[in-house]
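There are two complexes below, and they share chain A, which is joined by chain B in the first and by chain C in the second.
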Partner chain A sequence: MYAWPHWLALVVMTPLAGAALTPIAALLDRRSPPWWALATMTFTSLAATMLVLRVFAEGPFSYLPGGWAAPYGVELRFDEFSAVVGVICLIGWMAILFSSRYTRSLPEFASDRSPYYYALLLLNLGGMIGFAVTGDLFNLFVFLEILSLSGYALVAVGGERIAEMAAFKYLLMGAVSSVLVLFAIGFLYGMTGTLNIADVTARLGALEGPTAPAAVALALLAVGFVTKAAIFPLHVWLPDAHAAAPSPVSAVLSGLVVKLGVIGMIRTYRIYYGAGLFDLTVLNHVLMWLGAISIVMGAFFAIFQEDVKLMLAYSTISNIGYIIMGLGLATTYGVIGASVHIFNHALIKATLFLAVGAIIYRTGYRTLSDLRGVGRAMPLTSVALSIGAISIVGIPPTAGFLCKWYITLGAFEANQPLFGFVLVFGALLIFVYYIRMVNAFYFREPIHAEVTEAREVPVSMLLPTLVLASLCLIMGVLGRIPLTFIEPGVVRLLAPLGG
Partner chain B sequence: MEVVDIRPMLAPGVSFACAAMVFLFGRNTNWRRFWMLSAATIKMIVVLSMLPGSLRGVVYTFDLVDFTGGIGLGFRADALGMFFALVSSSLWVATTVYAIGYMRDDEKRVRFFGFFALCVSTTVGIAFAENLLTFFLFYEMLTICTYPLVIHYETPEALSAGRTYLTYTLIGGAFVLVGTVMVHDATGTLSLGHPGILDASISPGRLGVIFALLIAGFATKTALMPLHGWLPRAMVAPTPVSALLHAVAVVKAGAFGIVRTVYNVFGIELLDDLGFALPLAALAAVTIIVASVIAIFQEDLKRRLAYSTISQISYIVLAASMLTPFAATAAIVHFANQALAKITMFFVAGAIQRTTGKTNVHELAGIGHQMPWTMGAFTIAALSFIGIPLFAGFITKWYISLGALESGQWWFLLVMITSSLLNAAYFLPIVHLAFFKPARGDAVPVKEARPTLLIPTLVCAAWVLLLGTMSEVPGMPFSLAEAAVRFVFRM
Partner chain C sequence: MIVMLWHNIDYVASVVLFSIGLYVVIAKENLIKKFLGLNIMETAVFAFIIALGMVEDGRPPIMTGDAQGPFASPLPQTLVLTGIVVAVSTTALALTLIIRIFRRFGTIEANELREME
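Up next is the complex of A and B:
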């Protein structure tokens, strides 16, 4: 069944079409948008499952819309890294289910805004899926814009004043980075006369004449994608944006959207490793250092946050640091660890944001001291939160452990023991602030009556949180599966290095 | 012979379940006591049931999860692990009884007993860890679980001591983790089931880094000088916790880590070739002497005991780094000898404090007449530390001295003798004050501590005597230590 070629087209088209149809669905029935969005994502998830199964069985494959052959047609290509669509669908689905109740009862979501919210969410998810599966540089840019623009709007949809400011900051940084990517694509097109990624790779490799424009394009792509991934010091847009957005949106933004910057980096690497035009050691070193600095700075800022959502946002910067450092190490272990961390961190961060969202929804408080003692009032949500916390620190047997272990092994494999130390001590810092959170929630006396009287959230919010939390555990115990899944992709990516 | 058996996992599992029950249903005092005591007993029975097999050379293993190629969580009850588990699980019974008596009127008993049970669970987990990763996991859990115990009274002093404790031990833990990753990078395995997994094909520089990382990491918990700063400060904790920290769990976990590093990660031959052990032995020797000297000047009884612990625990490190069979025997049996004598002393200190409110050494004049049994137990423990024959501590010193002669390094003998004298210098004045000085003010009638405090103290003191007199009897822990030594030295 998974061999049916059109799944690849459907996985992109369904959420985009669903997004366009959401306002119409709202016209027919005002309460329908969440269920419409859920149905759309259910079908998309089905398509994504088929695609992941197929890439597992057959390896990478392509889809040519309209049957136009690769250099002229717009190719969709699904490889091991594209399997991130699986987690995009999963978390998108959970976030929509979580939102269904959330949007109904919060004042800032006057019911007339709700259809746009779901349309934007679907658009965002569709953009991400498209970005992950496209084999064409220009499409890459188009999808990047779709997911970025809908992202800016989703941050603002929360409606508070801080949200508008945060969205504007996000918009500025995001727009600049998009323009950089567009410039780079223009350079590459000018040099090679094609936009197909595989073709660009081949023609760059055979390039005669000056290579400087290719180097400029590389630099532009790297800066652009690294900004999207919120690596220090280009992270300034992230904390406010992720903290101000509604919690399910934070889960999507923090768990998924920043990862697309990393996927973009992997695509860039694929072109430049493949072309073999120049030695990428310098870029790799820059990324390693940026990753290391992000880990430490992100953790450092997080330690001093009182606002739980800001804390989680800074923790994202740390974790993206892990991923970027793993990529920069350019060893099999390091890149495998980094790739799997894309997936696992998405699960973990979504768990954390949904759990925190549930707590904020019930109590109305969002700082550590205000939320003291909430662990006793909302036991299930707090257990989910604790599982997320130990996962993100990387304590076995949870999802965060194996990928960090692999990245650390990668550091030693690359003969960069210093970075191995940074990784471990970064994890220590992360540990410190999550301990602060768990300590406040469980072992401190409550100071607000609302906190002690809080009840568990309704099933539609509790279920996604618990499912994601148990996945954090399951993916830890079954950690072997994603590792073996991604390995051929990583081996192929690094093959031109001769390693 | 290796047998797959769930008991190595069951042993930590029992106290883990106990902790869960205490946290969930601990508000009711009777139920809490029931859970604590039955879990302590069940666990001791589980561990004891493996003893006959262990003495015959059977190793029980249980693999919980295998993540991928050599990384997993597993349990393995070999002779060395059995020894440590036996010590900690039998002392848990005593400490539980004592803690129930000591913490009778405390407000935060639920939290206290919950984490108390978790600590013991993780300690047995450390004892039975099959690989360095499992070891590390439990080692870090131990750090976390002892923190709420250290800060129990939540005074500013306690909170600051807790922060010091966490800073030292978490940074130490990070060193251990880096070392663990490097071991995996170098060998592709983390198993602790061999007499050494590293080999000479790895460059000496790299081996040196691994050794330094692992030893430095473990030494923070062992309180090896100069990494001992947290231990005396952690004395603000309730006395049963101090007993737990000093005798049963924390410092022992560090020492056990060092023993595992020396015997199971590096192995005797490799370390002997590399010559890393000598600096470690020297450091341990310095710690033994310096900590003893500092102990003489401590006025607070618990602080004096704390410095005594720093000194005594280094015996294990010293013996382990001599790399001879006799010294190895001493290193292993000292886990029991030090634990029992030191726990007796802490029990005494706690009993005195609860009964009379006295915490300073000079206040103890004449207390032997008021609490003769308690101070009798203290005297037994003190004589054991000094190394008088018929007491447990003598066995340790004897074998360390034999090991010193075996390895041809006579100066270890001097360390032993000096240490004995210093032990006498800081323990005997207490005994002298208690029994031979009149109490200030009116004569006090005999008033012993309440039975829940007194009985565990006496049992531990009796056990010290038993260890000292009957170590050659089959079935005593000593034979287990010999079995462990035979494995390590491939005899």
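Up next is the complex of A and C:
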């Protein structure tokens, strides 16, 4: 069943078409948008499952929409890294289910706006899925813009006081980085005369003449994608945007959208490792250092935050630092750890944001001191939150441990023990601020009546949180599966073409 | 060096435009001006990609019975058409956000907004 070729087209088209049809569904029945969006994502998840099964069984495969052969037509290509669509579907589904109750509590969120919220969410998910599976550079740019534009709008949708400012800041930096990526794509097209990623790689490798334009294109791509991934010092848009967005949107933005910048980086690496035009040591060193600085600075800023969502947002910067550092190490272990951390961090951060969202929904408070003692009032949500916290620190039986362990191994394999120590130091800093949170929630006396009187959230919000939290534990126990799954992809990524 | 730059004057022009746009985005405080800078950057990249498709003495690539090459490359133009659509939607969203910021804070100067936050 998984061999049916059209799953790959359906996985992209379903959420995009579903987004376009959401307002129509709302015309037929005013309360249908969340269920329509859930149905759309259920079908998309089915397609994604088939695709992941197929890549597990057969390795990477392509799909040619319209039947035009690869260099002329647009190619969709599904490889091991594209398996991120599985996580996109999972978290997207959970976030939509969570939103069905959560959005009713938002200020300025009249029910006539809700179809557009779900349409934007589906567009965002569809854009991410398309970005992860496309094999064409210009298509990559179009999907990048779909996911970014819907992301900017989703930040503003909650109506927090600073939401529009945060969204505008995000839009400005995001749009500049998109323009840089488009410029780079123009460079690559000018040099090779093609837009198909595999074809660009081959022709770039056979290129005669100066390599300077290729280096400029690489620099533009790197800066563009690193901005999308919110690496220090290009992270300034992230904290406000992720803290001001409604919590299910924060889960999607923080868990998934920034990761697509990393996927873009991996695609760039594929082109340049494959072409073997020049040594990438300089870029690798830059990424390693930027990653290390992000780990420390992100964790450092997070320690001083009182607002729980801002703290989680800074923690995202820190964790993206791990991933970028793993990529920069350019050893098999490092890149495997980084790739698996893309999956695992998405699960963990979605758990944390949904749990915090549930707490904010019930109590209306969002700073550590206001939320003292909430652990006793909302036991299940707080357990999910604690599991997320343990996972993100990287304590052994949880999902965060294995990938950080692999990145550390990678640092020693690359003969860069300094970065191994940075990694452990970063984990310690992260431990400090999550301990602060757990301490406030469980061991301090509540100061607000709303906190002591808070009840557990309804099932539609509790279920996604608990499922994701248990996945954090399960992925820790079954951690070998993603590691072995991604390994052939990483080996292919690091090898020159034909080597 | 000068001769080489002169022969590639179209590329040089788009890089200059791009830098002007980037400067405006970074240096101006007014949000609308910042956004105009972004539009300049986008236009520069579109001009660059269009220039890539230029073929010396190229004809429009329309396949009729007696069509003869060399043809101009049609691909960059389709790309830029898509790019313009993207740029227009970005502009629409940005202007919406600016209107909402103005309604809430009564100003669209970035330095005054920073003080209010």
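Note that the second predicted complex is superposed on the first by the 494 of 499 C-alpha atoms of A that agree within 3 Å, B and C clash if a C-alpha of one lies under 4 Å from a C-alpha of the other, contacts with A are read in each partner's own complex, and residues count from 1 in each chain.
In the analysis below, a contact is a pair of C-beta atoms (placed from the backbone, for glycine too) under 8 Å apart; a residue touches a chain by one contact, two chains touch by 3 or more.
These numbers were taken from a predicted model, which means no experiment stands behind them.
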item	value
Touching partner for A:V477 - first (chain B), second (chain C), both, neither	first
Touching partner for A:F412 - first (chain B), second (chain C), both, neither	first
Which superposed partner A:F421 touches (first chain B, second chain C, both, neither)	first
First, second, both or neither for A:I435, with chain B first and chain C second	first
Partner chain(s) touched by A:A153 [first = chain B, second = chain C, both, neither]	second
Parts of chain A lying in touch with chain B, wherever the complex brings them together	395-397, 401-402, 405, 408-409, 412-413, 417, 420-421, 424-425, 427-428, 431-432, 435, 443, 476-477, 479-480, 483-484
Parts of chain C lying in touch with chain A, wherever the complex brings them together	18, 22, 25, 31, 34-35, 38, 41-42, 45, 48-49, 52, 75-76, 79, 82-83, 86, 89-90, 93-94, 97-98, 100-101, 104, 113, 117
Interface residues, chain B side, partner chain A - complex	65-68, 71, 73, 111, 133, 137, 140, 144, 148, 170-171, 173-174, 177-178, 181-182, 184-185, 209
Chain A residues touching chain C - in the complex, by the definition given at the top	138, 141-142, 145, 149, 152-153, 156, 161-162, 164-165, 167-168, 171-172, 175-176, 179, 182-183, 186, 189-190, 195
